[in-house]
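What follows is one structure encoded as structure tokens, with my remarks underneath.
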């Protein structure tokens, strides 16, 4: 109570200084944000650059470099009104020219950007004045708005550069709260606060990403306070950090995750063509058991392609209860019975067995596949597990549709449009509906939803899709795992929200007497 | 004349794992000053072990199990290592069978000869090298400077053996032990080396213990001879007495071998 | 105790081989049996070596793992020695063009970053036990080849070989009956060390996620779990680590003992 | 001598061709394509983009043409650009060299400084308690998987005792340190990596030295040295060691390629930006130009190492001389 009374005094004396040290499992590849597709690069460029829009703590799109926008002509046109007080970190003024430049580079076939897809739907981009941009789409495309979260790059820096080979890939200049300071390959990337950041000067002076390629080492670094923040495995969260040391120095966070893990069926395979078979398998695998064993309880059963904190999520879809008998009877309906009493189901002389394919280097998936293997054995289905390296997994198995079932996960973007995953047109080599799913209603809903900017309408579309997918079971939706992390407790100002904790990083601060690292010049 | 060296009941064993193998079993022998004594016997009869035992330079797994080795009135078996090193090379010197492998391949001849001179006579390196050159001349080497700078692998076996002899004589030892010094050399060189040794004996006045399996050599040089068989001395006497009336069958075998060679 | 290293080594490896052969009788549990009620339980009478993070009995996994790890070592080295002896004796015996060709190939292989080959093959062709054995075998034969070649070069001038030749023995007879048996000593030592090396290599590959893949238990992939359980499950660090350590030690002892025998 | 070296250097060329053809074939024929190491699928990356990228990388041409292209550029020492970040391959490799070299040289020094005396001592006291203890100890070091040992060391030295930092090369405030703070800081960071990377070599060298010394001590010239009346120390060190240590020179030469090699395992554990990780990541992301460059580098260094070893050996061992004919 006493502390509460004094709280306002603390708020006024937020101190500048100190450094925030984060471990990164891999080094960044490039700090040209429109080329970066790896998470290490993205998290660094995220602090250096801004997009026109961003998601706020409640996962709503709000302005970033754009102050506001209007959607006109029934969604064909978006007009962005840009902030006028923004300076690039080298002192240049930010303007509509930079937005146009970024767009030109995104659709330039010679630029090796992986993000051109969304921008190729743009018919034209016009500069109305220095701070107003008009984007016209070929047809209404509501996910397009969130695509303008793409970081804007400075025209004055890049105009004469080959983006693929530019030196600025390793010394970027952005508009964001942190300026690039130094990059030692595979060692660290250091940023310092940009005092003229248009929102406000960040309190933390330095941000350091240390590249530590081994998870065990990262955890040992936490134990010696060598890093300030790190993600935790469920085991680390529940057991290894339950020590007096961690309680004294770290705060732990448990936040809903934006991901789900699934077992996908190759729907071209006769075994899986029958919906009843897929439903039976869903009954036969105990998701709670998986969550208990693999996630140690830090997760929940997935029921579809959306995560519960998303507005597209359908609360009405409830996961089925684990029920072996139900599974057996559904399989029997579909013709799969153990006729020869050898313990394995068969049909037309064919044994029910399949290979479950997953990628190397993911302990979680390896464990899940073993649990599924055991559960399906109990109802008479023989599962072989095959674990292959990622690149081979993609090119030899996924792209060539050369699999029976796969165990994979999707990270779920804030924008719920998942046309690429479920639409029946997206089944070509290299595309993402690799299971070959086709449902006319889903196809129609996906298109209608992406043509509308009316969130209520889109919501009904996505919730219906959610319902259909769970009923049809093209994937066995397994779980959504929570994101678990530890953060050194000298940092103040953290306000966990639906989107995570990092959204208000510039508000974080450390009281002077607790500051650990020297102040950067 | 007193005995320069007197060996009484010498016993040597080798440890091979847990087993001990007797190599020399109660050998008695004596050498007077200025005498040439041959120790004969087939290979493996314990000649070399006996010779090595005299100054205790046997392999690490050899154990001297008993006896006395009295050299100049001192029992070497009771001497401390630090006293022994003063006798080795200085009072008692060795020449071995294969000069090329008994010379250290990585040092020049000069270095190897002068080493003993510096050690035993306390001379400077420069003086020692001069001394080494003289020694090489005394073993009938014509261009001592070149040899001093040569490495063993660059010289012939005969040349190496001369150098080796020079090295052994560096400190004017009282007793020279020559262990089959000519076996690895061809016959003409053998004759030269033998002649050289006898000349040197005359000049330097050492006693010579000459080890060989070849009685023809023995016959040429020996005052007295010991015949060894399976670690024991089975016969001793003057050359004449042995050739005329060999008592042990092994002596007769050796003589037979000699006569066979003689016929060829 | 004439050769304590050899005896100790043979006892260790003999014991482990016995464990591997009798695995189904020794292990109290199915090594793949998942038990959600006993995750990461410490050693007890019920679970001698404790359990892993899926509740599987560590003792059973290590016992079964001995099959995988030992067979990787032995078969990989079997391949490497056969290949090495074959090519090495060809080169040594026939000399000339064949020798030059084979030895050039050996040179190429020796300059080759073998680790790359192993990585590439294992990563790309899926890390099955079979692939791991083959690739370790195919990238480690050069030492044996060189050894056998030089032994044969020096042997073939010796009298008994010349005598055989004079008596009209065929080349293959001379190679197989005389040269190889006489030259095999150092190769055997090399092979014993190679087995140890292969077992270690598998554990290194496991570290990179490229070793034998679960659920098949290899000592490497069992030990790897110790990384994820640092500080809370010492048994996962200690038992598989010791299994590897003792096995490798056993093979080193045998190699040391063999060296002594060959002299 | 000069012409000998020249002939040997010429001999490198066909070997190098052999190596590069084999590796080029392996990496290009192997399944998988250049992709991110990142193990997530990104639906925003469209397949058209992937095809376009392949074309930009020149992967649509037939393999022999790609190889000839690559070879033509290699002759001009142009190793191309990395697929993953478009930086010059040479630059990517060279920025890893200082650290890799430092650790390897320090390890080598450490290995020789400890391994040689250990081996010599074992040989002199062959069969003694000391010999047996070191033998078993050395085998134990040899027998432990690297990563396991590294993790045990980290827990002991860094967590339990708190003496050393866990990973990295420098402290974060390193730039603000004065030189007398920098050196101990570096030393503390490098200690464990050097220790761990030395262990295999340490065990190897000490065993090698032991047997080499044992062999030397059984040579006839040792008896000569004793017969001359040299004190035992002189016998062992002047006559024994000098001969026993000669082959070590060869080992130094043969270590040259290793100096620029790294181990992905300990580099990962200690978070060191060395060559081992670069190579590993290159393989995993199918970064063909980078893989090829490293193979060429490795091959050339191995061959130069062999040459240096031979020449050095000839230099120290008077028995060997190369005829310049």
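Order of writing sets the labels: A, B, C and D. Residues in every chain begin at 1.
Note that in this section a residue touches a chain if its C-beta (ideal position, glycine included) is under 8 Å from a C-beta of that chain, and two chains touch if they have at least 3 such contacts.
On a predicted model such as this, the values are computed, not experimentally measured, just so you know.
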Most distant chain from subunit C by Cα centroid: B
Chain pair whose interface holds the most contacting C-beta pairs: A-D
Chain closest to the middle [Cα centroid of all protein chains]: D
CA centroid of subunit C to CA centroid of subunit D, Å: 23
Computed distance of Cα centres, subunit D from subunit A, in Å: 39
Centre-to-centre distance between subunit C and subunit A (centres being mean Cα positions), rounded to whole Å: 43
Distance between the centres, which are taken as Cα means, of subunit B and subunit A, whole angstrom: 88
Junction residues of subunit D - those touching two or more other chains: 31-32, 151, 155, 268, 284
Residue list for subunit A, restricted to those that touch at least two other chains: 214, 216, 220, 223, 361, 389, 391-392
Touching residues on subunit A, where the partner in the complex is subunit C: 214-216, 219-220, 223, 233, 235, 239-240, 289, 292-293, 296, 360-361, 363, 366-367, 370-371, 373-374, 385-389, 391-392
In the complex with subunit D, residue positions of subunit B that touch it: 52, 55, 57, 59-60, 81, 84-90, 93-94, 96, 98, 101-108, 115-116, 119-120, 151, 153, 164, 167
Subunit B-touching residues of subunit D, taken from the complex the two chains share: 126, 218-221, 223-232, 239, 242-243, 246, 317-319
Residue ranges of subunit A touching subunit D (in the complex, touch as defined): 19, 21, 26-27, 29-30, 37-39, 109-110, 112-118, 164-165, 169, 184-188, 208, 210-214, 216-217, 220-221, 223-224, 226, 359, 361-362, 389-392, 394-396, 408, 410-411, 418, 420-421, 428-432, 517-518
Parts of subunit D lying in touch with subunit C, wherever the complex brings them together: 14-15, 18-19, 22-23, 26-27, 30-32, 135-136, 139-140, 142-148, 151-152, 155, 211, 261, 264-265, 268, 279-280, 283-284, 291, 294-295, 298-299, 302-303
